[in-house]
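The next block holds one structure in the form of structure tokens; read it before the comments.
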Amino acid sequence: MSPAHPFDDDKPREECGVFGAIGVSDAANFVALGLHALQHRGQEAGGIVTHDPETGFNQARRMGLVRDNFTSADTMKILPGSIGIGHVRYSTAGSKGQTAIRDVQPFFGEFSMGGAAVAHNGNITNAMSLRRELIERGSIFQSTSDSECIIHLMARSMGRNIPDRMQEALRHVEGAFSIVAMTRTKLIGCRDPLGIRPLVLGQLGGGYILASETCALDIIGAEFIREIEPGEMVVITEKGITSHRPFPPRRPQPCIFEYVYFSRPDSVLGGKSVYEVRREIGRELAREAPVEADMVCTVPDGGTPGAIGYSQESGIPFEMGIVRNQYMGRTFIEPSEQIRNMGVRLKLNVNRALVQGKRVILVDDSIVRGTTSRKLKDMILEAGAAEVHYRIASPPVKWPCFFGVDLPSRDDLLAVKMSLEEMRDYLGVSSLKFLSIDGLYRALGEKEGRNPDAPAYYDAVFTGEYPIKLTDMAEQGLQFKVAAE
Amino acid sequence: MSPAHPFDDDKPREECGVFGAIGVSDAANFVALGLHALQHRGQEAGGIVTHDPETGFNQARRMGLVRDNFTSADTMKILPGSIGIGHVRYSTAGSKGQTAIRDVQPFFGEFSMGGAAVAHNGNITNAMSLRRELIERGSIFQSTSDSECIIHLMARSMGRNIPDRMQEALRHVEGAFSIVAMTRTKLIGCRDPLGIRPLVLGQLGGGYILASETCALDIIGAEFIREIEPGEMVVITEKGITSHRPFPPRRPQPCIFEYVYFSRPDSVLGGKSVYEVRREIGRELAREAPVEADMVCTVPDGGTPGAIGYSQESGIPFEMGIVRNQYMGRTFIEPSEQIRNMGVRLKLNVNRALVQGKRVILVDDSIVRGTTSRKLKDMILEAGAAEVHYRIASPPVKWPCFFGVDLPSRDDLLAVKMSLEEMRDYLGVSSLKFLSIDGLYRALGEKEGRNPDAPAYYDAVFTGEYPIKLTDMAEQGLQFKVAAE
Amino acid sequence: MSPAHPFDDDKPREECGVFGAIGVSDAANFVALGLHALQHRGQEAGGIVTHDPETGFNQARRMGLVRDNFTSADTMKILPGSIGIGHVRYSTAGSKGQTAIRDVQPFFGEFSMGGAAVAHNGNITNAMSLRRELIERGSIFQSTSDSECIIHLMARSMGRNIPDRMQEALRHVEGAFSIVAMTRTKLIGCRDPLGIRPLVLGQLGGGYILASETCALDIIGAEFIREIEPGEMVVITEKGITSHRPFPPRRPQPCIFEYVYFSRPDSVLGGKSVYEVRREIGRELAREAPVEADMVCTVPDGGTPGAIGYSQESGIPFEMGIVRNQYMGRTFIEPSEQIRNMGVRLKLNVNRALVQGKRVILVDDSIVRGTTSRKLKDMILEAGAAEVHYRIASPPVKWPCFFGVDLPSRDDLLAVKMSLEEMRDYLGVSSLKFLSIDGLYRALGEKEGRNPDAPAYYDAVFTGEYPIKLTDMAEQGLQFKVAAE
Amino acid sequence: MSPAHPFDDDKPREECGVFGAIGVSDAANFVALGLHALQHRGQEAGGIVTHDPETGFNQARRMGLVRDNFTSADTMKILPGSIGIGHVRYSTAGSKGQTAIRDVQPFFGEFSMGGAAVAHNGNITNAMSLRRELIERGSIFQSTSDSECIIHLMARSMGRNIPDRMQEALRHVEGAFSIVAMTRTKLIGCRDPLGIRPLVLGQLGGGYILASETCALDIIGAEFIREIEPGEMVVITEKGITSHRPFPPRRPQPCIFEYVYFSRPDSVLGGKSVYEVRREIGRELAREAPVEADMVCTVPDGGTPGAIGYSQESGIPFEMGIVRNQYMGRTFIEPSEQIRNMGVRLKLNVNRALVQGKRVILVDDSIVRGTTSRKLKDMILEAGAAEVHYRIASPPVKWPCFFGVDLPSRDDLLAVKMSLEEMRDYLGVSSLKFLSIDGLYRALGEKEGRNPDAPAYYDAVFTGEYPIKLTDMAEQGLQFKVAAE
């Protein structure tokens, strides 16, 4: 776990949001706004590349939040042009300071037919072997990021234009990718055949937008057109959009965790309102795991839609039993040891006067390590609650994700280390219930629950079933259950 | 309106939080945590002073948030000692850059019997005349802050010790003050006779804490003992607490806006849970101004308790119709012109899929200028809501506050410029209702509503009745209705 | 010794340069240039205050060199106006970081008749007792600097205008002062009755300039008019100059060390070219202390005029036996322990090929601790010189200066700890000679040498005779020989 | 011309210094010291790479001076290890801010057999065509620097180890190069067959050092062993040194400008003391161009050795007629327009009292544009000198250098635009004389002067004769006289 995020160690970490704009004046401003709306997908760093006929390609990469780095006139004026792309990222462990800035996307390369910049959300599962081969042939990597393989594959491609080169490059890549790329005149979007990470297309005046989520269209007043489909590549010029299908077709399996935790509640994903899915999860949870109590409270902010749904289904009032310090965000700080030990108090406070003597149902979106959950429960009991009933709006997290979600090692996952009963004892709550995997699928509209032969979503963190082969992991001798493709 | 806070120009601005600790090791860490919990009372700057027998008085003042300035080991190690005080502030218009840092409290002075530091929450209504007199007699002011008068009055006092000097100083001061001060060995707390701004006393192990609100006790795990009473001064040493009454007694009138907007919902104020008062306000509002609708939504985060209360009383479901970007906070940014025009979108997004075709009740805590409200309503209608019913959890804001709340000039207050009907038209909503002043008092437990002869709270922003004479304003030829003392 | 200046610990430290301009557009630019020319008088920090009818008084204070702080358009545009003053300083031990910035002059105070800023070069020998009295009467000091007393004395004065107040203030002050001050419309210069520190008046177009040295007039192309006389105060408005004599008359005794080390060689001081005085010192030294050798070398840059004079008088060729790294300056760095141990090598290198097998005369301006001298000699001998003859262009430094020169404590002065013979052994040179005190006076044109009954210069560091009583030192029980006034 | 260096626009610009160390603990400290000693070869930026078995390769690149960037413990502790290399550079026009940092050497690449870092002093005359070819084959360039070609050629080489790869890479390179490179365990030095830029080998305890000049050995107390020979590559491990000759042998032609201007006077180059060569140049100049005068003055600091030689030969006294502000250096500042117009005054001041009414011989090292010379002469005449005789310690600069020296375009060279007589008039001096090319060779010990058939030095800036073909220039249609190889 990175020491920089002590208060979110009990949550999976999102990894990356991407955004692109073409045909809009001062594209960098729109990219910055879009990245701000996608900040929940990555808070450690952000980068923007634009192109302008006079000054060529320009780029800025910064550690920290979009609002702190890409709002000053000084920064924005070095990013002129009507086409641009951007990326926000959550660091993987270890990289710090100067090194880290080299890992901040988009990556840029100058090719014989001109430059291209690439921003990648997802994870490449054969990156190690690709990187080794590329280095053997003379590529010099600038970063430690797996995503850099893509631009080196493009540099070596014989394709006559950049979209061709990207198609060729991506055919070598295994794993999850939602990509936004640009040349001097083209904005390119591409999504892996399974459609693991989201990518949507929008329109703003005469220009076009690509973004990880619809909330990034809303912030700039762009109109949602459609999702980029799994396995689709779109190439957008100022004249219009062409669609390509560079990969053999497969049954899509978008990531179920986007609904559970990652995407913003005001985004629409796969035709479904994320908020409404989560509220439905809360209702499902109330049906699966009812309990008598005086109030339903959320663990802010992730548990709120589920808590509302639970309250609506159960008729038990929804109350603000836990108050969040809004100056915390999931933001970046370097805490002193002492403050760090304060743990969750920096972020959340129990509404002492409210919960005293009451039976409280606490709804959270997920449990990873269980450390925060435990401290939170302590705070509620200290505050005098009579009972605490923990309800988790997802099944137990038991397996790693190799496709863009950062989880602690398996040994640190509470649901791996303990049985449900042991977890309840460890957390010290009156009762503990997780949503069932079928309940989760039902909340997503699959009336029969999960189809074990052809699950509609990528759900390996709950089930341990992976839809793509895991080349790098196999090289390291790690074996996982990979479903036949 | 300050350009630094474009998104909150439709809210009053809090002015200052204070915190002090004595008898705890590494007091600065506790002060930093306490100020972090009080950050909602002032985001522009913060300062901490500590005393340590070896290095004497040490101080650090910084522009920006506590989490950004007072969490690094480097900063904290220059603030050793077991006694310390701190202050967070919201700037008044105009001050920027180097000048501003000189205005950041606590103020410090070296007297013949040793040094003292003073942190002040409130506003001095005879500061102009005091300052003029002090300058005539040779005082050199370091800042533009009214609060600096206090330490100069102390410097000139003949009192033999610092508490005596502070008492003498405060007898010259008119207005609102909740003060936390320190010497090498004493922590001092004092509240003006009306008790306009809050101040509470807590205990942590063998040490004592003073803080603007109880939420700052919670964050460090301190136990709430009692409020400092209106007109009381407490002097705390490592041996214990003594209480003094330096002022002639008066009927207290704490500020009603602390309940409506300023204090955190998890604080307890005047024996009442702020959250429960606000929820009760929502219920009162549902009774005073019912309407048929499909959902009750909050304008996050201020309207949430009121919306919950309205939903509970009316039976109409509470839903997340508006989603807040948690990376915004009420935080400090320097926006480009273009981003600024995006207005409220940077902070809030309408949950488009949810509100489409629906009748929405929108609960907000207050309306000041009405600019944000109007943009928000636009966003909801654009998103396809069938009706928008605006419910405001406080009476119309019509008068300035001279006791620590920063409001726009009267001419910019929506409720001054327009009748209720005109406001409804201007905001373009289906209906608009404010809570009545009696309803507000009822929600605070005054069954008969407001007693016009002896109102229990300082409520001038709603009523125009001021409880203290306004020397500086009178000098400028501004006349307001001042209740006989 | 301050850790920030490891390479100059063998030299006295200058303390402060002052500069003022009136009647020139964009005065701050001229002040910055003037301070740059006076940078040798203080490298740690600098400050500028200007006044402009529209924005009032503006100020900027920065740690570090003028060239790094006061050259950007951003900084200069916050200092508008046609009148301004500035100050460069060399810190006294101990002050660091945030505290130090409060000690950076000019000091500013708002009085009932308007503001005034004061920049002071010199040292106040009754500052401790003044400060104590001022604090007792209610003054709050912002800094730890002795110079701040002056502005507090002015604040308390009953004088009806600022020049009157300054005269009254300075009558309470004992010690050395060359002051440049300003109001909204007046530039004021004042020099103590002994004229210990220099101050000159110049003209630039229709405007006037005050500066510590004439080299600061040259840099802006101003014409030298005359020196401010010892005991004189001039008040300059856009209309002209008036001269005042606020103090009882005394025989002047300007500081002799200005000629030996402090002032720049291109300045003219007391009607004498500093370069020519130093060259004459070198000639005197050649006559007093001749020796056979192959070359005369300087310890750059202080020894150069003396070495040229020695070479001219002796006929032995002047050569560059020691080369200075010009990226060092006497500049500010924070060295790692290891680099610090490299000592003098960072700054100076011996011209190995040149000195090998040669007899070298090395001319330096002064010896304080002797540490650098010793390392330097090591380097020359390592480089293979046959003999090293050390010639010092001033008498042995044996006493502290209380009037603006920072020397190590007496116990660390080489000439206090050792006899001439012991010094020669300690330094390990073939011969060591200092200039005699009479030789120094002769080089200054006093044909008879020093008149012990009425020495023409303040020369206590060589003689231990102080011309003014030392109130603070006496309070501390330190007794020095004070000449009858 | 870069706007950042307004005061040196009348001098050629050095381009780069290189340094490497192996077998010394905390190598980074020695590299930093060595680069500090080489700072005169490049002031815009510097970089250091080290290797440590535990943390692998580490690097730091910074804009600005070594003393400002590589002296803090914080920076140095991120550069552990007993092997390291470094580079200082002078930017070529145009690059600024974020882009520029990518151009700062050493360049680093990860190859299949491990990483390597390369620091290059010189210029590659077929860089454009190399770069184009490399991009076509898939290399992605990180910088705009020509030197980056070397590491990409290495990445593509089939050589089994890094020295082999470097040899292969350098066989493709045309131009001048003195290279210091490193792997995990090897320090590599290489010099082009002509030996245009210098490179020396030293020993420090059991470790070895490579450096551009001997002055960088002196600063760390290392012993000079020998120069790396033209066309030689040395590979140094902790066990010892092996020497290789990867190129066909040629008659060496080291750059004559290193003696005239670039190298530090305390360096020994080609077996000659640079100081003594320059002093001899001054003597030669006195013989070639005598004149009656009262004093010989230097234009600091470049002209000093020449002025000393001129004085010694002519018997006219050497005096400090011009004083340099030591806080200027050739350092980096961003001047306001107004300060910039002050031109040379910021750096130099005329010793007014000294030169008044005198006949002054002014010795400078070279004239490029003549702008500074002209302003300087103005200052001296303003100061009242009776006559100014300009003596230049090198022949007129008339041609570009393509091998590592940055000169203005030919059209801006004074000696191209004007005859000697016109130059004298333009500069407004009493007389103007340049050293002859034969005089320059004589000062270097070539008794017969320059041998036109086989000149001993690369001297194209004076003669227009280039020793290597100029591929990139020819591509651009620029033809120069290239001597048959």
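Per-chain residue numbering starts at 1, and chain names A, B, C and D are given in the order in which the chains are listed.
Simple rule for what comes next: a contact is a pair of C-beta atoms (placed from the backbone, for glycine too) under 8 Å apart; a residue touches a chain by one contact, two chains touch by 3 or more.
Each chain and its UniProt protein: A, B, C, D = Amidophosphoribosyltransferase.
Everything quoted here is computed from the prediction, not taken from an experiment.
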item	value
Least step count from subunit A to subunit C, where 1 means the two chains touch	2
Chain pair with more C-beta contacts, B-C versus C-D	C-D
Approximate Å spacing (C-alpha centroids) for the pair subunit B, subunit C	51
Distance from the mean Cα position of subunit D to that of subunit C, given in whole angstrom	36
Two or more partner chains touched - positions in subunit A	none
Graph class of chain-chain contacts, one of line, ring, star, complete, other	ring
In the complex with subunit D, residue positions of subunit A that touch it	59-60, 78, 97-98, 109-112, 132, 135-142, 151-152, 155-157
Interface residues, subunit B side, partner subunit A - complex	26, 29, 32-33, 36-37, 39-40, 43, 65-68, 71-73, 76, 214-215, 218-221, 264-266, 268, 273, 275-276, 279, 301, 304-305, 308, 311-312, 317-320, 323, 325-331, 333-336, 338-339, 342, 345-346, 349-354
